[in-house]
Amino acid sequence: MGLKALLINCTLKKSPEVSNTEVLLNKAIKLFSEKNVATETVRPVDSNILPGVSSNEGAGDEWPPILAKIKAADILVFGSPIWFGVRSSVIQRVLERLDGTYREADPDTGQFPLYGKVAGMVITGNEDGAHDVAANTLFNLSHLGCTVPPNVDTYWVGNAGPGPSYIDAGGEHHLYTNRTVRYMVENLVYFADLIKQNPIPTNLRALDDLARQE
Amino acid sequence: MGLKALLINCTLKKSPEVSNTEVLLNKAIKLFSEKNVATETVRPVDSNILPGVSSNEGAGDEWPPILAKIKAADILVFGSPIWFGVRSSVIQRVLERLDGTYREADPDTGQFPLYGKVAGMVITGNEDGAHDVAANTLFNLSHLGCTVPPNVDTYWVGNAGPGPSYIDAGGEHHLYTNRTVRYMVENLVYFADLIKQNPIPTNLRALDDLARQE
Amino acid sequence: MGLKALLINCTLKKSPEVSNTEVLLNKAIKLFSEKNVATETVRPVDSNILPGVSSNEGAGDEWPPILAKIKAADILVFGSPIWFGVRSSVIQRVLERLDGTYREADPDTGQFPLYGKVAGMVITGNEDGAHDVAANTLFNLSHLGCTVPPNVDTYWVGNAGPGPSYIDAGGEHHLYTNRTVRYMVENLVYFADLIKQNPIPTNLRALDDLARQE
Amino acid sequence: MGLKALLINCTLKKSPEVSNTEVLLNKAIKLFSEKNVATETVRPVDSNILPGVSSNEGAGDEWPPILAKIKAADILVFGSPIWFGVRSSVIQRVLERLDGTYREADPDTGQFPLYGKVAGMVITGNEDGAHDVAANTLFNLSHLGCTVPPNVDTYWVGNAGPGPSYIDAGGEHHLYTNRTVRYMVENLVYFADLIKQNPIPTNLRALDDLARQE
């Protein structure tokens, strides 16, 4: 099929510090490889992504090469830790910058650059907040053009309150997480291939024109 | 194609009281009809849906016939007003009852009854909260087995604070809402047909077995 | 001081079924009693609370007696389970009905009936979602007039995925939950007493008049 | 009373670019001044706040001077735009850094540095999301030690979909926003003074000890 998956690890920790989220992302990478899907990982915190909502914020902005990788992928898997019950400042920054893609729509169809891609979500946190992170992020990505297949989020969280993180808690052996990472990869690959073979024909421009006549 | 769409209007108002959400749902119905998709609307507040998380809560429970309609549909469109910034108690009740479908998985594939369906969201509120309603609901439905195509939520909200609702505010002429209801119907129908012709082959049971061996 | 605390258990389970949330609420009740705060518990699912957003929805509506208890209390502690990552349909229904109190403002000060009360939150779920439940509910209550002291939420959740609930998991021995229920009671009682002795003087009507002149 | 209010404008735009949120914050500043409350504004995007969850992330980190101002204030008002339905990456970064204050608890009482402060929230966005931003942020601040009085959030958002922002839309004349900014200032000042005169006596350490004995 020649599918490409990009894994975007939105940890707060710069390389080479150990990222819990990376360890769970690596499980997904292994599964993608078994299906002959090429994978690449980016870690936005290692780059100087300027604040803003355009695709290029000028001198010193290290977002454009990351955006190029996003545009080249068929499958996008976002990784995020949980802080204060919600997604990290790093993934929020990445999403804010993806707002710029709305202004790069195809001149004929009006489809945004992320149309035709599929999206999944990987989360680790020491406790509570995974639903909020996944729900908001997958919804935002659906606005940007991604399709969200069933069961494409996987997460590990511990029980209530502060506590050990994924690695230290032995989360790698947690059955629920190990099941759902498999569901995620299976469904992402199936839908990425399906959409690649059957590109979404929707012409947003034409629909806009009809709406204007109402 | 023979597709069927079920629109589930989770207003707080019993029939025949006028529902703002229904008026926007009716725009979707008109568009579905133009594509030869059969539609049916249910209004859960008119039924006595007992509290609980199973598919049948016993004597007096009027959930089973609604669930049967949900299972028979290819496309599910949930409608909800916004109260206190989040989705209504009626749609929350409906989702709680859908929890029961997890325990009705296909014995061979482990797929839940909502696998293979596509889901969309229609929201009206006099102000703020549509993102929260749509994000949580579409995410919950993706857990239950639904696919979420791009741009399958449409909403109308007024500006900050109390104010007129969709009908009284002339929301029917709001361009953004009229555009997005068209995006929603177009993409729901395309994906419903695509999935019907290419059923999701994922075997959740087999993946569970592999996960147990880790 | 003569303080009264009302605990509102928004479980989905009717009496006498065992409620996990009730067991954690009972810890709070014991601590309130040690401080000579009178307590009473209501379980809304046992009453027929009609859908709507007024304080009385007519024949058969069993909300008015619950509202009367809410108005008579100094301290409100809401209990809720987590379903699909968010608060229960029962607590959402209760909040929708509290919308009616906005229209019962004091004719002189414009203060709503919940002004001067303090609010806390108790949550049990088998996993993830407590932050979302507490954040939305305490925020809604602050709109209705309640003060939210520091550290007035307490919760128990297990780790990722389905699993045993509070009672079966031995959550009663979970240190984080046992600490935070104590923080909650301590700060609720301190602030309830402080506000009772120093009633909030804010005149919302007068502020409205000033805003209208801008 | 000698109260000090710090306004933290978490816009994505660096000075001197015009910030919509700043214009609404300035309304609050004017009202604080009328009550002889000293005010200061910080704009975190102008500083190099390193990613992390401690109070000092080392060389080049410009968070410590902002944290010092936060600790010195009696009243904290956070300002944020809305992006993708939720709070900005800048305010999320600020909150992540405030996580470090949990580890600076008073050795006797265990109270965190933000105990005794009151918090409010100012939001502008071109549409939908204010409830989510305010609910999460005020809840997070209550965990950190702040008290949340009634009606201490104020926001302006336009109706559904992209559109003009606060300034261009004439939001400065929006009655709901002009009323609620007054409610916010009035209640923040009343509670800041009340708590200053009646410091919260709660000994978190002692409560921890009792919980450990359970």
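In this document, chain identifiers A, B, C and D correspond to the written order of the chains, with residue numbering beginning at 1 in each.
Just so it is clear, a contact is a pair of C-beta atoms (placed from the backbone, for glycine too) under 8 Å apart; a residue touches a chain by one contact, two chains touch by 3 or more.
Being a predicted model, the structure only gives us computed values, none of them experimental.
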- Task: Among the listed pairs A-C, C-D or A-D, choose the one whose interface is a repeat of B-D, with over half of the contact pairs the same by residue number.
- Result: A-C
- Item | Of A-C and A-B, pair with higher C-beta contact tally | A-B
- Task: Could you tell me the distance, in whole angstrom, between the mean C-alpha positions of chain B and chain C?
- Result: 29
- Note on the structure: Whole-angstrom distance, CA centroid of chain A to CA centroid of chain B, is 24
- Message: Distance between chain A and chain C based on Cα centroids, please, to the nearest Å.
- Response: 36
- Query: So which stretches of chain B touch two or more other chains?
  - Reply: 84-86, 131, 135-136, 139-140, 143, 175
- Message: Looking at the complex, which residues from chain B come into contact with chain A?
- Response: 114-115, 131, 134-136, 138-140, 142-153, 173, 175, 178-179, 182-183, 186-187, 190-191, 194, 198, 200-202, 204, 207-208, 210-212, 214
- Under the touch definition given earlier, write down the residues of chain D that touch chain A in their complex. 12-14, 45, 51-53, 83-90, 92-93, 95-96, 99, 136, 139-140, 143
- Task: Over in the complex, which chain A residues touch chain C? Could you list them?
- Result: 84-86, 127-132, 135, 155-163, 169, 171, 174-177, 180
